[in-house]
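First chain written, first letter: the chains are A, B and C, and each begins at residue 1.
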C-alpha cells in the first residue's frame, strides 16, 4: 500500500549485469585484486617455463644462500632455488585453494538451497547440522585428521571442501528463503508451475551473484587454510610443497636472520588472499548482495 | 514476548547441535586406525588384545548401540584417559580450559574495543582516505596467517626492540598467568588481529546500513547534531547485528588460540591439543574437540541472548 | 512575512549515470497558519523540494537558488546553523512511520531529545514535556506509552509520535512529506484531523507534499502542482482542483478515481440487484475458509469463516484495510495457501483434492497480477520470456515460433509495443511492468484473473491506463476477476460486486453501488466516510456533516 516515491529519480537504462560490471570496474581495490590474481597465476603456471629450476633434487652444495644474481631469492636448507620454489609451491596453494573453495561453495549451495526451499522440519534438521559443523573449529578437525592420515593434494581438496561449506550454505539458504517468496515465484506456483521450474529458472539464476561472491571469499579462505594445514603438518609432503609449507619450514630459519625463506612465501599468501578478498568485496558491492561484511 | 519460550527453544536447539557434534566425534573415533579399542588400549596393543577388548566392551555390536553406550559414558563426564600423560582427559581439560578462555576472551575484548570505533569511523568517512587505509590494513590483517603474524611480532618486539617476551606466562594456575601481564601482550595482540579486521568490516557495513535509515533523518530533522545522532541512535542499532556475528566468531577464536598457544608456548587447551596431535593421543584430541564445540555452542547462545537483551524487538520465527 | 520562501530553487543529483536535474526554477511560499499542498506524481521533484527546505538533501545534491525559513537562509548554511533551525523553527513528518523512529529508543526519550535539543531543561522536565506532547497528539495513556518502544505501537500511533516530535518546540513551519500515504484510510482521516487541529491552534504554516488529491482537497488552502521538476500551476485549492488552468493538472485530475458518495438525501432509491442473475456456476468459491499463522499464544487468525464467490465474467472487488485478510483470501483462492478449515472450489473442483495433472490443468485457467511491479517480474528474463513462461508450463507442445507469435499477440492486447519483447524488466516503467504482468496472466486465456492491488504502486495517470486495459480486455475475453484493493474509488469504478473485509472476516458484501452508497454496517460507513474526495467544496461539506454526526 505504499506509493513509490523517490527522492532521486530512478534512472536505470542499463541492464543489471552491465551496471554491476561498471560498478566493479570503478572499484580500484577490486581491480587491483583482479590484476594481482592474474599476475600470480602467470607467475606460478607460466613462470617455471621461463625461469626453470630443479625442485625435486636436493643440492647440498647450495644450501641457505642469501639472494644473489644466481639465485634471486636465495636458496633454502636443502638447496632449492627459493624463487623457483615460490612458483612451484604457489601452483599447489592456488590449485588446492581454488578447487577447495569451489567445492565448498558447491556443497554449500546445494545444501542451503534444499534447506531453504524445503523449509519446515527438513530445514530445521539441515541447519542444526550446519550449526554443529560451525561449532567444531576447522583447525581442530584438521589437526585430528592430520593425526590419523596424510592426504595427497586431491585428498586435501576434499578435506578442506568438507570443513568449509558451512558458511556458503547459510548464505544461500537465506537467499533462497527470500527468493521463494518473490512475487514472480508465487505467480509461477499459482498457475501450476513446478517446484523444479521455480528452482531452476528463478531461484538458482537469481542466486548466482550471491554464490559467486561467496565462492570468491571461500577461495580466499581456502588458500589461507591451505597455509595453516601445512603448519599443522597435514600439508603435501616434500619434495612437493606449497607456500604454507615453505613458510613453516622457514620459521626457525627466521630467528637466525634468513628472512628470504619466510618473507616471500608469507607475502605471497597475504597478497593472494587479500586479492581474492578485494575481488569478493568489489563483486558484492557491484551485485549489491549480502555477504560477509 | 515470551522470553521463557524463546530460551527453551534456543536451549533445545543448542542441545540438538551438541548431540550432532557427539555423532561427529563418535564417527571420528571409529575412523581411527584400530578404532576406539586402539584409543583406549594405546598404540602398543596387539591385534588379539584389541579383538578381545572389542568383544568384551561390546564394540562388535551395531554402531547405533555403541553410540548410545558412548553417550552414556560422556554423560558421566568420562572422556577417557590420555595415553601419554596417563591422566583422565576431563581432568586435563579442567586444568587447561580456563587459561584458553582467558586468552580468547582478552583477545576478543581487545579486538572489539578497537574494531567497533574503527568501523564506525570508516563508515562516517566512507570513501575518504581513512576508509581506504583502514580497509587495506584490515584486508592485510585478515589475510596474514596467525603464525606468520606472531612470528613477525616476535621478530620485531622481542628480537629487535626487546619490549615483550616471546614466551607467554607459564604455570598451572590463573594467578600465575596473570602475574606476568607483559608476557600476555603479544599472544593477545596476535589473537586479536584478525578479529579487528573482521569486526571493523562488520561494524562499517552495519553503520552504513543504519546511516541510511529513516530514523537518522528524523533525528536530524529534530535538530540533533550529527555526532549526537551517531552516538545516541546509530551506534546501538549498528551494534546489535555485530553482536550476533560474535557468536559465529567463537570457533575462529578457538582456532586462533590453537596456533597462538603453540607459537608462544602458552599452556592452554590449544597447546594440550597440539601436543596430543603430535603423539596421536586420540582420547585427548577428541575430548578437546567435544569440549571446544560445546564451548562454542554456549558462546553462540550467549551472543544470541545478549542481542535479545539489547534489542527489544520481537524477533519473529528465527531459525 | 512568510514562514517559508523558496526562490528559483534548482537541485541536481550527480549519479552513476551522470547528472540528473530533479528540480528547476521552483518558487513558492507558505504564510503562517496556511497549508500549501505540493502535488505531483513520482519523480516530479516534490519530495526533493521538501528535503531541500529542511537542508536534508543527500550529499550528491547540488542546490542553487534561495530558500529561507522564517527569514533564515537554508542554502549554504552549515550543520550548526541547520541543527539550530531543525526541530525549533521547521520540523518534518515523514511518509513511513514504520522506519521513521529509532527502533531501540523508547518513544518518550526520542521526543525528549528534540525538546532538549532546543531548550535548556532537565531530563525530568523534558520527559514531562514528552508525555504532554503524547497527550496532545492523542496517544491514550501517555505516561505509560512514553516508555514503549516503537515496535509496540501501531502505524498510526507511530505517526502520532513523529508528529509529537515535530511540534515539540512549536515550529513556525511544518513540512509533511506524504504523512498519510502508508496508513489506512481511517487512520489517515484521524492523522489529517490531528494535523489540522494542531496547525489551527498554533498558526503553524504547513507544506504538505502529497500525490493524493483527496488529501489536498481535505487539508490544503493553496496548491502548487509539480511536473518534471517544475511548478506548472499554483492557486487556491478551489481554483486548482475545480478550475484547473494547466493542461497537466486537468489530465491528472481526470485520472483520479472518484468515489461516488451517497448524499444523505439521495438514499432511498433502490437499484437493480445483479444478485438475481443465475448463480449456478462459480469460477472460484471459498466456503467457510479459516487460516491461521503461527502456533500457541502467537497464533494470528488471518481468516475466519470467509465465504466468497466469483461468477463467470464478473468482477468482484475485495476491499479492506491492511490486516483485514484480503490478500490472504486471494492467496487461498490461488491455492498458494492451504486453508486450515473450509474448502476452495476452483471451476467447480475442490482444490485440496485435486492433484498432479488435473490440478495443473485446473490452474492453467487462472491468471495472476500482484502488487509490486518490481518483484513481479524476474529481472533476469526478457519481457518475452516472462510472458512466455505460462506457455512453457502448460503448452509444452508449442514450437518457439508459435510461442513468439502468441507473446506478440498478447503484448499487443495490453497495448505494449512489440519492440519491448527483447528488453529486460529493468528498462521498463512501473506501468509497463504491470502491463507485462497482465500479458503474462492473460497469455493462457484464463477464465479467472486474480489481481492483488495491481495498481496501488502506480501513479494515478498510469493506474488509469492499466485499469482501462484490464476492463477492456475483460469485455473482449470475458474472464472473471477477483480484484483486491484498498482503494474504494477504484473498486467502485471497476467491480460489479464488492466484498468488504475486516479483521479476517467478511463484514458485508453486495452489488458495488448498493454496498458503497448505502452500506449496511457501521464499519463500511466509517470506511467510506474516511475517504477524502478530490473536491474541496464537497469534502468540506462531508467533513461538516461527519462532525455533526460525531457530536450528535
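Please note the rule applied: a contact is a pair of C-beta atoms (placed from the backbone, for glycine too) under 8 Å apart; a residue touches a chain by one contact, two chains touch by 3 or more.
As the structure is a computational prediction, the values presented were derived from the model and not from experiment.
Farthest from chain B, judged by the mean position of CA atoms in each chain, is C.
Interface comparison, B-C versus A-B: the pair with the greater number of contacting C-beta pairs is A-B.
Chain B and chain C have Cα centroids separated by 49 Å.
Separation between the centroids of chain A and chain B, computed from CA atoms only, is 22 Å. Residues of chain C found to touch two or more other chains are 96. The touching residues of chain C, when paired with chain B in their complex, are 54, 56, 79-80, 83-88, 91-92, 94, 96, 99-105, 110, 113-114, 117-118, 149, 151, 162, 165-166, 168, 294, 296-298. Touching chain B in their complex are the following residues of chain A: 29, 123-124, 127-129, 131-141, 143-144, 146-148, 220, 224, 227-228, 231-233, 244, 247-248, 251, 254-255, 262, 266, 269-274, 277-278, 292-293. Per the touch definition, chain B reaches chain A in the complex via residues 13, 16-18, 20-21, 24, 28, 31-33, 132, 135-136, 139-140, 142-145, 147-148, 151-152, 155, 159, 198, 201-206, 245, 248, 251-252, 254-255, 258-259, 273-274, 276-277, 280, 282, 285-286, 288-289, 292-294, 296-297, 300, 319. Within the complex formed with chain C, the residues of chain B that make contact are 1-2, 5, 213-215, 217-226, 228, 232-233, 236-237, 240, 310-314, 317.
By the touch rule above, chain C contacts chain A in their complex via residues 13, 15-17, 20, 22, 42-43, 47-48, 51, 57-58, 95-96, 178, 181-182, 184, 211, 322, 334-336, 359-364, 366-368, 370-372, 375-380, 386, 389-390, 392-394, 424, 426-427, 430, 437, 440-441, 444, 450, 453, 456-458, 486.
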